[in-house]
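Next up: the structures, one after another.
In what follows, subunit A forms one complex with subunit B and a second complex with subunit C.
Moving on to the complex of A and B:
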């Protein structure tokens, strides 16, 4: 019973943190463009408004898989240790998170494909192609962790970084960090890799047919994805955090760095994006793996 | 107007839950631009650094499904009316229509043209009109702030008017759309 309450609280916290980050990043973008920008709680208002509107459903699959998309990412969020705390006792296995996250993306893919809009199908095709691009470098980075520690439990990886900034993997494994930062930029759909959204090109791609509550669910899903992805980078490379606040602050810094990168680059085409990720992110990841195996 | 049914403001405002939701709706308005007429050039300054529409939570959206506001700029020709009605009907409730410029109000300088319609309000319910040829970005922002106040007070009820008077609007639309049917014989081709 206690665990059920923990799950709900954890899910709400993940959504709230993600939405807060999104709002602040919009404010940061505005300030970079010398605008005043929306208030930092704008994303919360957007989500509540989206849920207050009527929505048009095309079929049962669309409803079911929209929920499945959110559920998959929430399941992944349950294993992200916020400062050593987890909603229920587990070792927070990295492999499990990497399996749950695609369930979220695939749920959204099936949901918007069921709407039958050709632009949505194009967007999903691009998103899944891009997924091929960033999953492989990230998987190689995970392999370099396995070769170092023989485990994929995030808690033990966090413990290995305890005791100061010189033990963090950002210092010990800089190439792996850069590779995962590039992969994360693509995972969060930020600017050089925002080819699946591309509002001017394919009318916001996967979201083209989402109205009202579906759009609200998509926003929530993105917010949870932001929480999980920045949480992974924080736990793996930035030493996790002794407290929840420290962990969230590090996540926040990671997301703001991604936003800053997003503001200075133009959009890649999908094949350029995949090639860039495989050559540069993949190359850095392979260098890190080789170094780890050699130094061991 | 004949048997045109108007919505009383009271029945909207008295609903407490609607009032709470209107608080959020007025602070997050997503806009779909229907810019086949003139005047689209006034919108980039409104959006970007000089006038910064986003500080009121108003932003551009790509499709009718996601949008709250349908902004119709400039003259409406008889052929684009069909697309406007389609876009409007694809939008989920609550939705608001803003006519931009003089032409959607009364035809403007195209009032005697054979190809344009004069009163947009006869075909879809317009919540707010921005007059001027063209309205400058200040006027656009002022109009949008007025729309925000109207939503707050529960006065922007165009979508309910459309539901209640669906037949009346459809009759007006049909009268125009019949004129746009192809004149030439297509030789059996469809």
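Moving on to the complex of A and C:
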């Protein structure tokens, strides 16, 4: 019972934080473009509205896998140590996050390609190719942590950074931080890595056939993804946070940095994006791994 | 009754021969095959409590100076593990095949497959070289005939497979001759044991044997540079046999590496080592990592569904090889776990594709599409299998991939883990492509009235699904037997219980992880129920930027996006894939050989040149004769 309550609290918090970030980022984007922009709670309104409208579905696979998509990300969110707390005690949250996130993406992919729209399939094809681009640098960064600490326990990695900003991994492992920041830009689908959405080109790609609550579920999935991904970077490089507020504030800063980057770049083609991520993010990550392995 | 092993092998061989005589009654043949598989399972359960028993047959022959040779079978731990897994999975395949081989699809491979099951039994339990080679040969030629199964295109693929098998068999024979001569014993384990203590005395000899044996098992397991044959053989073999080929037969090489090559690098190894790993095994590990990567990249650009999954098999063998070459008990555990896991999920994938082909007769993915709406059981069989293949919880795949990476991390092989990680993520691409192109997207009007797989085929797929899910929540189902092998081989065991496994960097409780996922699913379902109702619309009722596809003469088939799915990525990898292509190397060798042969032929065809060559060779022979 306690676990169920924990779960619901954590899930609602993850979704709310993600949606809030998305709203503020829209506002920020608008101001950069000299627009007034929507209110920062606009994302909440969007989701509520989406759930309250009628929707269409093409078959049972689309229904089922849309749920799988959100479920995978929510399961991953359970292992983000917000404020040093985990609702479900575990020894290897990092690995579980890295493996639960793909199930979310896979669910989403199956759901939208069951709609039969070729634009959606093109988008998914691009998204998966891009995934190959950003997962590799990120995995190498994770390996450099394993090389240093011999553990994938995110809590002990957070504890190792306690005591001040000079202990944070952003200072101690700068190459790894840059690599993961680049990977994160792609993970969140921000420009220049937004080729799978590409609204002007493939009509929002995966989202093209989603309506009503399906779109709502996709929004929620994205918001949880934002929460998980920024949470990972915060916990690994920015010292985590002693309190929930500190942790969320750091996540917020990370997401705003990503948004700012997004506004100054144009879109890469997918193979350019993969090449860029492998060469630059991958190169930085390999440097960090080599440093950690041989310069201890 | 005590001679369970001898009797089971004899029964399989007798049933196979009897089955040849009954070729008119196809269903009887397949019943015999099913019965034989069931009997083997029964025998294997009897052998459970008889670990370590030895059965011998004395023969009145002398071989290489050893009198009265004995054919020996032993119920060893590793052999039993492989036997158990292969027999269990074959029974499931047999149920599938029984339904698959109806009047329209019958292939007549039942007798050969029954014989092959006898060879399978003997191979894993053989305790001496003669039994091993006999079983290896029987396995080789039965599978050759099965792959060919009386079709011209298949015969070509079969020949390709057979020639590579011949390379493997010749190196095996050479290795065995060397071993017997050096050690003077026909017994397999003793011979390897003696050899492994010879590193200081005669290191280069042991290395030669290791290389020869490794080549044999590489050829069988399709490791680089022999990675091309599965794409031909798996694709052209009968559809139900592909599952066996990919699930079980490719593991013979893994079994050989585990029981014959790895023991050579035991405690008494005195040679160069990198980070504590013998150089030979270090190279093996890199070959494994490279195979994993290459298999994945080749699978991504494949359009034929069976070829795609064949390359995926190659890639998975790479994972197993990399884990194995770490030469630790943990690596062995990872290899064993992944072996079983691969058997199950690749079985599931191939059975599901076989039932699609059973209903449609299509193999090219772009000609299919939308099968999932008409064949839900086949779809879920495929979905769960690819989730397991991608290593996502809550399926058996997570634990096995995790173990592979743990075994690499334990040895600080981080750089070797990079290509493996790339292969593991790349697996998403081709697995999703298979799922999308076959089961999702637009349903072609040609297949509008297609029905789901017949009951027995569905049953086989459902059993495999349940196994994957059960092992996902309770990895102890597989980990228990694995640990038994480990404690027998190395006196060590991975810390694990029914629901959790402990590694070096972390431990995971898969029951909790799986429950969290299920809870998340329930949560999402509640949100789904809260939302306003949806209604179902036609598949062609899509967003098309305001145009009506019918106006342009577009059919659902045109709207099914499946050809060249990852074209940008394919373009990126094509130069490398074309450059490092073992097939073109081999055909280069073939070309050179045939050019040389033609030249020789031409010499003899022209009288002057022929006389000259003849005279020269006679002189050379004479000179040699005088000199000696």
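Following the convention adopted for this analysis, the second predicted complex is superposed on the first by the 294 of 296 C-alpha atoms of A that agree within 3 Å, B and C clash if a C-alpha of one lies under 4 Å from a C-alpha of the other, contacts with A are read in each partner's own complex, and residues count from 1 in each chain.
Assume a contact is a pair of C-beta atoms (placed from the backbone, for glycine too) under 8 Å apart; a residue touches a chain by one contact, two chains touch by 3 or more.
Note that the structure is a prediction, hence the values are computed from the model and not measured.
S.K.: Is A:53 contacted by the first partner subunit B, the second partner subunit C, both or neither?
M.R.: both
S.K.: So, does A:176 touch the first partner subunit B, the second partner subunit C, both, or neither?
M.R.: neither
S.K.: Quick check on the superposed pair: does A:140 touch subunit B, subunit C, both, or neither? Answer first, second, both or neither.
M.R.: In the superposition, A:140 contacts subunit C only.
S.K.: Kindly classify A:231 by the partners it touches after superposition: subunit B alone (first), subunit C alone (second), both, or neither?
M.R.: A:231 sits against neither subunit B nor subunit C.
S.K.: Does the superposition put A:132 against subunit B (first), subunit C (second), both, or neither?
M.R.: After superposing on A, A:132 lies in contact with subunit C but is clear of subunit B.
S.K.: Can A:203 be said to touch subunit B (first), subunit C (second), both, or neither?
M.R.: In the superposition, A:203 touches subunit B and subunit C alike.
S.K.: Touching A:212 in the superposition: subunit B (first), subunit C (second), both, neither?
M.R.: both
S.K.: Give one of first, second, both or neither to describe whether A:4 is in contact with subunit B, with subunit C, with both, or with none.
M.R.: Touch partner of A:4: subunit C, not subunit B.
S.K.: State whether A:192 touches subunit B only (first), subunit C only (second), both chains, or neither.
M.R.: neither
S.K.: Which parts of subunit A are in contact with subunit B and also with subunit C?
M.R.: Looking at subunit A, the two contact sets intersect at 52-56, 203, 208-209, 212.
S.K.: Using the touch definition from the top, list the residues of subunit A that touch subunit B in their complex.
M.R.: 26, 30, 33-39, 42, 45-46, 48-49, 52-56, 199-200, 203-204, 207-212, 215
S.K.: For the complex, give me every residue of subunit A touching subunit C.
M.R.: Against subunit C, subunit A makes touches at 4, 7-8, 11, 50-61, 63, 66-68, 70-72, 74-75, 78, 88, 90-92, 94-96, 99-100, 102-103, 106, 109-110, 113-119, 121-122, 124-126, 128-129, 131-132, 135-136, 139-140, 143-144, 146-147, 150-153, 203, 208-209, 212-214, 216-217, 220, 269-271, 274-275, 286, 289, 293.
S.K.: Using the touch definition from the top, list the residues of subunit B that touch subunit A in their complex.
M.R.: These residues of subunit B touch subunit A: 21, 24-25, 27-28, 48-49, 52, 54-57, 60-63, 65-66, 68, 91-94.
S.K.: Would you mind writing out the residues of subunit C in touch with subunit A in their complex?
M.R.: 370, 372-373, 376, 379, 383, 387, 390-393, 398, 402, 409, 412, 414-415, 417-418, 421-422, 425-426, 428-429, 432-433, 435-436, 440-443, 504-509, 512-513, 516-517, 519-521, 523-525, 527-528, 530-545, 556, 559-561, 565-566, 568-569, 571-572
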